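There are two complexes below, and they share chain A, which is joined by chain B in the first and by chain C in the second.
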Partner chain A sequence: MLIHPGSNPLTSSYRLLLLPTIFLLALSLISISIGVGDFSFSHLWADNDDADVWQLLVISRLPRTLALILSGMTLAVAGLIMQMLVRNRFVEPSTAGTIESATLGILLVTLIAPDTPVFIKMLVAGAFSMMGTLVFMALLSRVPLRSPYLVPLIGLVLGGVVLACTTFVAYRFDLVQSLHAWTIGDFSGVLQGRYELLWIGLLLALLACFAADRFTVAGMGEAFTTNLGLNHRALTLFGLLVVSGISATVVITSGNIPFLGLIVPNIVSLLFGDNMRQSIPWVALLGGTFVLLCDIIGRLIYYPYEIPIGTVVGVIGSILFLTILFGRRNRA
Partner chain B sequence: MNQTARSFRSTLPRFRQSLLVLLSLSTLSFASHAETISVQHAQGTAQVPIKPAKVVVFDLATLDTLRTLNIADVVIGVPETPYPKHLSHFQEASYTRVGSLFEPNYEVVNQLKPELVIVGGRSGPKQPDLAKLAPTIDLTVNQENPVSNVDSNVRLLGKIFDKEAAAEAELKKMHDAIAALKQKASGAGTGLIVLTTGGKMSAYGPGSRFGIIHDVFGFKPAVTDLKESNHGQAISFEFILKTNPDWIFVVDRDVAIGSEGQSAAKLLDNALVRKTNAWKKQQVVYLDSFNWYLLASAGLTAMQENIQQLSDAVSAHQHH
Partner chain C sequence: MLKNILHTRPSFVLLLLSVTAVICIILFMTLGVKGQWDFALPLRAGKIAALILVAFCIGISAVVFQTISHNRILTPGIMGFDALYILIETLALFVFGLNISGHIATSGMFVLEVAVMTGFACLLFYSLFSGGVRSLHLILLAGIVFGLMFRSLSAFMIRIIDPNEFVILQDRLFASFNQVNTSLLVISIVTVALTSMIGWRLRHQYDVLSLGRDIAVNLGVPYKRTLMLTLVLISVFVSVSTALVGPVLFLGLLVSNLAYTLTGSDKHRYTLPAAVLLGVVFLVGGQTLLERVFELTTPLSVAIEFIGGLLFIYLVTRKGRV
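Right after this comes the complex of A and B.
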């Protein structure tokens, strides 16, 4: 018995994944080959005793490229999960107070106990972003939502309030510049041993993949979910845990990458609809690709100096975001 | 009798009034008789009184210089900011807080009725507004020729406060120290200035806010094409390895959250930086970030301490 290829939309979309995967790998090779140090792939296999090239690859180039892919993938998935849970297309960690709360957590722990290991700092940041997101959800349940645009607006207002508190504390302790370094994503400091927390984010994103079908159900509303015998509350909490964890790992490693969790899932949903299990690999791949591309641009424009990726994504992302916004309006 | 009493009663207030007018006139003439001089500052000229006794200072470098010249007791108002060790007594409650380094609290300044206000650097742009309340001079040090600016500022303060001999003596000390450092630095190899904050780094070159290291003290820059930018250029560790400087001068911006140079040292201690000449020869110098960052090395003591630190660092290695 032969199953006709393409008869199952799921397998056909998985087959389509081959192309973006190859594209991502190609970009990774480009990303690895860019940098100030003397490095080329031909040197790696050249018959010389030059250990420096290998060292550069292992210590600097590979970690940076991996960190970029991991952050891009996980942040995009985090955005997708939030959009499912809140049932709103314009929500992502930086439009729900999540990122701002994580930053506040990092600032406080840095001030109170500067020598705290990074892993503990990440846990504190995660706890803060969880609390911030819970406040956001609580606000949503109390406000009559007449327009889908109101949801991200509430999130932006909440984020603004949290950011104001953070800035006030930073200002008092002369840390405003350090705060900027945490809020604007930048991978220039990534080296072997300084990005590995991002793998925790990947683990969380994978967990979310396994629960993808459930999130799709949760996205249809509390009553519907309960009717199907699923615990909506537990599912929401799990989703928030994943989102907060991912936000914390990214903010503590590189700083925030704005718009990412918003643009990527929106593009994917325009292409494939709202089945999360189907769209999650696309979201992850596109997220990684987008971040890689933006970092390559930021490193090349001003070579040998860098433009932080947060700035590059901010510019490209806002243009894409507006395009999506107007596109959706016209379709609706 | 009744009439005389009445007339007396009516003349009394009038008499009192005229007395008051007379008094106020005399104080007015007294004020106008106080000596003033016309001085040139960064934003033009101003009429300032000689030896003012009530001075509000927004510029830390000026506070430093006033303290070095032993005229700090005229200061009544200072900004709310962290203070370096040698200026810590300005933190005492007896000094009125007059705003931040950037933003004056005009109400408070007005209440203090200062005879002179001094701004500079971060507070420089507020000179025109403050000048409406009291004579205000801007002692901002221009990064293009920092030393001649320090010269003229110190001389100006010496003139206003009648301490010209002391000012000249301090300046001579400074110029001698610079000349001595220059001689040592010229053969010490190349240097790269790196500012670290929040786990990120940026590089500064000649002509920048820390460019005095190259421009005046004479360390050869490891990179010559660094564009001037107030916030430096973002760089990676590979950049440091590639330029391979003999000296790395580090300004640790996060000093507020740890001891001097600690977080920067942690950031720089990695396989790439360890391969640079500077790291191998232990020629990574953690600059006093208060003196460099907050005072922009424009105060007399800050400048002297900065020269001393670099001079000590170079001598320590020349003996080897």
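Right after this comes the complex of A and C.
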């Protein structure tokens, strides 16, 4: 990205944000208008008293689109924060055991107390994902010589171990099928009243925005942060809290969307560098756009049936991830 | 004196492992039969033949793969080989439908799939083995992501596949250790036996290969040819084991590393049989424990994934310390 030396880089990049915002809005309109039910925007304002169209919009289409945008935005921001904290480009909630731990938490709370309100379940899931991520970071601190590729590798395998525990429990109680439904990201079940927890995720992401500069500093390392008079440990804990909260809300609403938090921040970083305050709106917007796009693909490719978004992102995301992986190596 | 002990240790370990394996097999065959021998024995014999075949395939392919890649963390399972097999199987069913994959064509399909997979594997991993300085962790990470991609692609096609066809596919792909697919057993044994001849002919070269590419070439090993043949061997073995029991990510890692540690030797004439025997002990013994002692229905692969994953983390974190 070329930035003219005279202009303020921040304002110029904010002005550029108009473009992705418009794109995101356009995609949202497309997302709202597709589906099996008969729907078009002109019906909304037509003079017939067609209450069904409004109902379809308010109960099903709008919540789904909102849920997609919220999940995409918050997960991408969570990935960005993790990458700053661990100082590794290839880390995100699904490559650090965070998502798998959240799933284990949901499974356990569902088993022990099935009637628990969703909000409490989310808190439990959040606590579990926080613990899982802490274990991941503790493991990392035991690896003095860090190859950049070793970090996500440990995270992926740790996630596998946690998943094995989860599968074991699920098998004992005949819940394997439900487990599959949770782990593969899918927005087809999202209706009014079943996605609102995601707003909490957005709130957490906004909080992270206010601390963006501090995270940028934390990304420079512990010694540097302490030298500037910031508490590195507290900052790390706050970041983990945000990431775990976001992961828990998304997993409990729609399941896992792999690689999202990894790809979007990497692309933004290629464009704008690592100033988090500057890149955070881009990351959020592109995250929302990416998820919307993948969901639309999944809904159209086998219309009127749906491919779950987790699968679509799994395919597109891993291809993009491999491109980033090998692209970075060649430039280095 | 010390040299003498080290010299005898591998054979001692092999003997011990053989005895353990035989005990596991006997226990598996006899525990809890309750008198219905003519019913239980043939059923269990089929199962145990499949388990031993899988142990053989996974043990050999893991050790050989580690030899040609000069690394002890890489195994075909971790590199996404078995996910690739599932993808090809799904793709075949997706493209050709039921007509080709009916049970008459099973063996033909099997050979075809193995051929396609070998081609893929050679393409995919040729760069990894053909030299050049590359980061091991990059390759590992890429392998895991490739595996994820293959699995997602299969899941993607499974969603679109006709439900009737999917039932057949599920039968062939997601069989756990509980219901080993015995119909594939004969063709699998024949295939593995034929392929093993390649490995047998190359057996002397593997010890040299483990010294590293340059030394091996200097000592007169036809590097490229050996590599290609070995990739064929690995692809066949992985296809067979995946077709029989489904993907097991970490079993190869578990048995190969234990084989090195227990025998304390690098020689393939010790490590290969040790890995196979360990595989038998894990699979047969583990299955016996799960089925007869704990009376659990949990697939053994879950337990192996758990232990193997922990071992993997231990290995890489220890590796980082060096």
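Keep in mind that, in the parts below, the second predicted complex is superposed on the first by the 325 of 332 C-alpha atoms of A that agree within 3 Å, B and C clash if a C-alpha of one lies under 4 Å from a C-alpha of the other, contacts with A are read in each partner's own complex, and residues count from 1 in each chain.
Just so it is clear, a residue touches a chain if its C-beta (ideal position, glycine included) is under 8 Å from a C-beta of that chain, and two chains touch if they have at least 3 such contacts.
Since we're looking at a predicted model, the values are computed, not measured.
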| item | value |
| --- | --- |
| Partner chain in contact with A:111 - chain B first, chain C second, else both or neither | first |
| Which of chain B and chain C A:321 touches, first, second, both or neither | second |
| Touched partner set for A:182, first chain B, second chain C, both or neither | first |
| Contacts of A:236 with chain B and chain C, given as first, second, both or neither | neither |
| First, second, both or neither for A:308, with chain B first and chain C second | both |
| Residue contacts with chain A in the superposition, chain B compared against chain C | C |
| Touching both chain C and chain B, counted on chain A across the two superposed complexes | 302, 305, 307-308 |
| Residue ranges of chain A in contact with chain B within the complex | 35-38, 55-56, 59-60, 110-111, 114-115, 173-175, 177-182, 186, 188-189, 191-194, 302, 304-308 |
| Partner chain A, residues of chain C touching it in the complex | 135-138, 140-142, 144-146, 148-149, 151-153, 155-156, 159-160, 249-250, 296-299, 302-303, 305-306, 309-310, 312-313, 316-317, 320-322 |
| In the complex with chain A, residue positions of chain B that touch it | 81-82, 197-201, 203, 233-239, 241-242, 253-254, 256-258, 263, 267, 270-272 |
| Of chain A, residues touching chain C in the complex | 90, 139, 142-150, 152-154, 156-158, 160-161, 163-165, 167-168, 171-172, 184, 258, 302, 305, 307-308, 311-312, 314-315, 318-319, 321-322, 325-326, 329 |
